[in-house]
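Below are structures written as structure tokens.
Same chain, two partners: chain A is paired with chain B first, then with chain C.
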Partner chain A sequence: MSENNAAAWQALTGRAGERAALLGTEGLPTRRVEAWHYTPLQSLNGVAWQAAPALDDAAVKQRVDGLALPKHDGLLVFANGRFCKALSHLPACMDVQEYGDGSAVQPLLAGRFSAGLNAALRQPGARLHVPAGKDAGLIVMVSLTEGNGVSTHLHHSVTLDEGASLTLLDIQLGEGQYLTNPQMDVHCADNAHLSHVTHQAESREAARLGIIGACIGERGNYDSFTLNQGGVLARQEVVSQLSGPFSNTNVNAIQLVDGSRLNDLSSMIHHASPDCTSRQTVRTVLSENGQGVFQGKILVDQIAQKTDGYQMNQALLLSEKAQMNSKPELEIYADDVKCSHGATVGALDEDQLFYLRSRGVQEEQARDLLVQAFLLETVELVEHESLRDYLLKALPGHV
Partner chain B sequence: MPAVSETREAVEKLAKSNYEWGFETNVEMDLAPKGLNEDIVRLISARKKEPQWMLEWRLKAFRAWQEMSEPNWAKIKHPPIDYQDAHYFAQPKKKPGPKSLDEVDPELLKTYEKLGIPLHEQEMLAGVEGAGQKTPVAVDAVFDSVSVATTFRKTLAEAGVIFCPISEAIIEHPELVKKYLGTVVPVADNFFSALNSAVFTDGSFVYVPKGVRCPMELSTYFRINARNTGQFERTLIIAEDQATVSYLEGCTAPQRDENQLHAAVVELVAMEDAFIKYSTVQNWYPGDENGKGGIYNFVTKRGICKGDRARISWTQVETGSAITWKYPSCILAGKGSVGEFYSVAVTNGHQQADTGTKMIHLAPDTRSTIVAKTISAGKSDSTYRGLVRMQPKARNGRNFTQCDSLLIGNQCGAHTVPYIESRNMSARVEHEATTSKISEDQLFYCRSRGFSEEEAVGLIVNGFCREVLKELPMEFAVEAQKLLQISLEGSVG
Partner chain C sequence: MSDFLKIEGLKAQIDADGTPKEILKGLDLTIPKGEVHAIMGPNGSGKSTLSYVLAGREDYEVTGGSAHFKGQDLLELEPEERAALGVFLAFQSPVELPGVNNANFLRTAVNAVRKARGEEELDAVSFLKLAREETARLSMSGEMLKRAVNVGFSGGEKKRNEVLQMRLLKPSLAILDETDSGLDIDALRIVADGVNSLRGPDFSSLVITHHQRLLDYIVPDRVHVMAHGRIIHSGGPEVATLLEKQGYKQFLEAAA
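For the complex of A and B:
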């Protein structure tokens, strides 16, 4: 499909009927579309997006080798939307199988623009499968994109059979004014456990529309963490459905927004079964002209009694020009639930600054220290130690 | 029996409970033909003997309305409204003004009695001499679309306060109305406000001059009465520098089987150091056990703190209506101005409420507080929807928001949709929301101390709402507690 990018983009801006047929949605969302009110996409319209050309394996290898990756059991490399087989390897217990129709995840993503766009221009991505009862360890996935006016639309799937577990570090980076639109379908069967860290470090000029759809079976666990720090206009969308009872999901994130960039974390946590828990902590640090967006919804079905949901989103504004828009949302149809959310937006606490200053810490240093402390708490939510270390290194000032 | 299952049973019982204040008064009506067009707008204006500028204002609104479409973002569902299938003007047959209690239409008095207006207030409504000194509450009764009687005019006039039907203000104080009408809620602000601007028939007008503390609480009893008449109230309250006024609005409505549209607009203007307190108790007919026949309440309420240190406080207890669509808002334009929103929304049966507030911080040192309590029972749906916006100039702006939802029964829904937009780093915005049911522990505690199930739940619900109820003026706090009880009757305990 990738050769047709330009044609597809033309259709995107074409007549309503064509757009709907192509995307399953109404076309490029504007500010008037509620889900994209704070992140309108018109700026993508001026570009005739082309399929990204293949990159030279050696050059890609050099980039990947340059990354300070944690010790891992498998590596998958994608360059400009193509799988680099020569650079990749998987542990023995894991296989790459044909992905089914994704019928469990598909309905979760219906009507969502990022998924519609991916469906229209889809490129085959990773097809990870961990058989029942196996622990596949830590797999690193690197997606590199280079070029101007090019787009990639990788479609990955991760399927964990009963009792399987996997830790996945998903790194996305590149150079140029490109667009990436990755989608990942996650299926956690009963008692399966997926720990998933996305490090979004795309080029500062890139646009990114990423989306993850996860279905979690009984006592399953999908633990998602996103470090959102690249892209001029970048959204990470996580739709996590607790489909089986006693399952759990975490949708945590850190967003670091500087320059004139916009980073957006939008999530939907859907409690579709009783006795499930969900936790969400999203922290955003904004400097310069950065714009931060958080939209998080917790949806509790009528059947999902004994739901325990918690959502916290906090933003730190470090400059006069930065702005934060957040919309934490609860939609609850069951009565025996415990759901709460909190949101704060503000500057660094003057009292805390004063405390540090009074102990001889320089102003700038004191500010850095407080910002780092603000972020550290969230990084600590990542269970896997080497992933925590990896993330800490990626944060400003190397916490 | 565990409390939960009892509660559920009780919820089912509730749907069958009757609307206590469902009754209809037979006062002869003067109806405009059904439908809405420029001629109807002209007719309304002519009937109200309005000056030309007012007619033009209405026509402008009407033309804007024709270009607009109904908003669909709220979490409410209703069959499409046929705006041509309603009367836009209804007026009780005119009699000479009531000079004694005997001269007042007995049906009208009966209505007030059922509404629970104390006798001496009824006398005041009828204009009985000397009654004015007994109580510090002034009542401007809106009986359908025309203010039938206004009391306390003299006491208020002595203080320099103007409190009259807005139709009268348009004729007698055109300079004030011209200056402020539509400045807080522009005619084309939204679909319903445009509709209101075109066809509003009456409402209240309050003007409190500089330095005056209004000597009494001002109160209006709204009452929807005739069949098939949309009610479009227009209220405008202006408090000049250092003025203070507290306005109370309370409503009940008769039982009927056709949906009724109500689209009011309320505008508040607070100048330097002024304080406007606007309290509402709303108990319109919510519909029968199948949710049929209730009132659609699409209201635009907005206040502007124009002067420095001005303060506007909205308090509302919403228990009625089939659908409530209402977001009393504050524009904090004056330095150090304060906006407050305290709300209790109770939905039961098939009611739907989508309500909340907007706090727009434009100036430095502005503060706002939002406390919203939502109680859903039966098959109802309740949504808090609020916006807090710190504009770049809102240095040291401060907002605190608390939204709590209580669910009674497993067929209802409670939703929270706050929007937080901050464009100033020194501004602080805090939001917290919880959703839960009545805890078994609290119930058990009360039961073990000898309260019946129903009393216990009543106690807990009242405690849940206490933060809001205590913001109501005394006169209303009692009525509000009674309303809470009636609204949840049978659904609890």
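For the complex of A and C:
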């Protein structure tokens, strides 16, 4: 059976109708497609993914109420790809704009399968706008998906005008064997500052192809952090473009992969302007048969002199069957740049483990302590204290 | 008297690049309750191996003999069970734990041991009070509680941190593996005070050292000379003085 005869392909192109061309003609990406070599999607082929039915508001409310959310200034709830207006509220300075036609792939994400899939099937998500000079505080966004054989394709956009700032906690969770494919377009105007924490806590049976495309203006900052924790196969893809001089982006992540799950952090940091900085720390903890993927590209245009880039990815293997695939990539066309990168993969240090146990700490707790220690430095990269606390609680054997 | 350490014919080996290398070759040692014994011996005699085997490090394979503490077969126990039973090893090279806060580490350890011993766990406030008292006693800066365990500590600070852990965990058998190495005379005195303060009818200690110097401050009840994986001579504190003056030669020759 060729890829484009698969049940999934038939269903998805059928639902996309005249927009099916946005999906291409090759079917779901296989191992032969370089960008998907470590995260092939054939396992999704057998399911004729249907549109997800609406969920009962009361049940959604119960689920959201059960979350230990940090103190926030606004809350946006989405359930099975629909905005739950009754459960949402925003600070006065913000608005949720009407969804436009939005069927094109934004140029920044051109050629990326997750973005094509989203464009073909997209559902209106949050369209957040923070006016110039305003600080909208901390907004929590919860996207809940439930069901089997269904898919959602929310499309969000976050626009910060000049000098605006926003902290966004983006929680994604669910139950069942679904496919979720959210996209977020981020525009940070000059001097605008977006801190964005994605907590990917989808169902352990779900497939998840999320993508973020960010454009950052002069002295702007897009600070992205992902806790990749759920899904049987889950990719977080971040494309961050430093479009104005003296802008900064962080694309940090923690991945916790257990069972027979696969978590993937793929990123492209594009220095398209001089004097910009980028920082990336990705730490992955793998246990059981977990598979981790890190693909991180830093592209420095010829114009982007005085670029200062740093990339580090480290993986901790807690089992002999776990597997980590790391592919760092630097592509540099400017001659006056500072770009460093590094990668490590290893097991827990036996000396450290013995030291803790010799002090009476049970082996399991000792392992948890060392895993936490490995992750702590990365969590500390999150600027907002209550978000750090939120994240720490989500880590194994939390502090 | 059952409450003491009894090692009989202990043999242990380590895997050295694929071939087993025997390091302990039938070691006998008994430490009665309440006594402090010292082991001295040349490099490579197996002193550190003995301390690791008693603490339960897994890369050493015990191939013969036995080690009992408080009547229990020590070699059957996990390292954390040995700690709960009262065994404490002060490491020759304390391990750095980046990202693990020292105060959290100490509290986790103290409460793990208290829980295993059927004692009430300490809450954060009472633990911190205790930890502050103990750091002050060891002339340690309170700052060291806030830092990652042993990370960026000087040699002396690391050794004091070991003694701090020992004081907090209240062992009944403290094994000090060359705790004096790298210490200046003031630090040595502080470390020795830390050990001496625990001395009593329920506290035994095994002090492993190269130098008599430490034994001037922690005066042992017995001194054992170790060579080639065995105890080759035992005597009173005078043995340490003799060794300092004359070296190991006479003991090695007598044992040969």
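One rule holds for everything that comes next: the second predicted complex is superposed on the first by the 364 of 399 C-alpha atoms of A that agree within 3 Å, B and C clash if a C-alpha of one lies under 4 Å from a C-alpha of the other, contacts with A are read in each partner's own complex, and residues count from 1 in each chain.
One rule holds in what follows: a contact is a pair of C-beta atoms (placed from the backbone, for glycine too) under 8 Å apart; a residue touches a chain by one contact, two chains touch by 3 or more.
Keep in mind it's a predicted model, so treat the numbers as computed, not measured.
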Contacts of A:Lys61 with chain B and chain C, given as first, second, both or neither: neither
First, second, both or neither for A:Leu370, with chain B first and chain C second: second
Partner chain(s) touched by A:Arg357 [first = chain B, second = chain C, both, neither]: second
Comparison of chain B and chain C by chain A residues contacted: B
Residue ranges of chain A in contact with chain C within the complex: 350-352, 354-363, 365-366, 369-370, 372-377, 399
Residue numbers on chain B that touch chain A, as the complex places them: 4, 73, 390, 392, 405, 407-437
Interfacial residue positions of chain C with respect to chain A in the complex: 55-59, 78-80, 82-84, 88-89, 91, 94-100, 104-105, 108-109, 112-113, 116, 148, 165, 169
Interfacial residue positions of chain A with respect to chain B in the complex: 34, 302, 305, 315, 317-320, 322-347
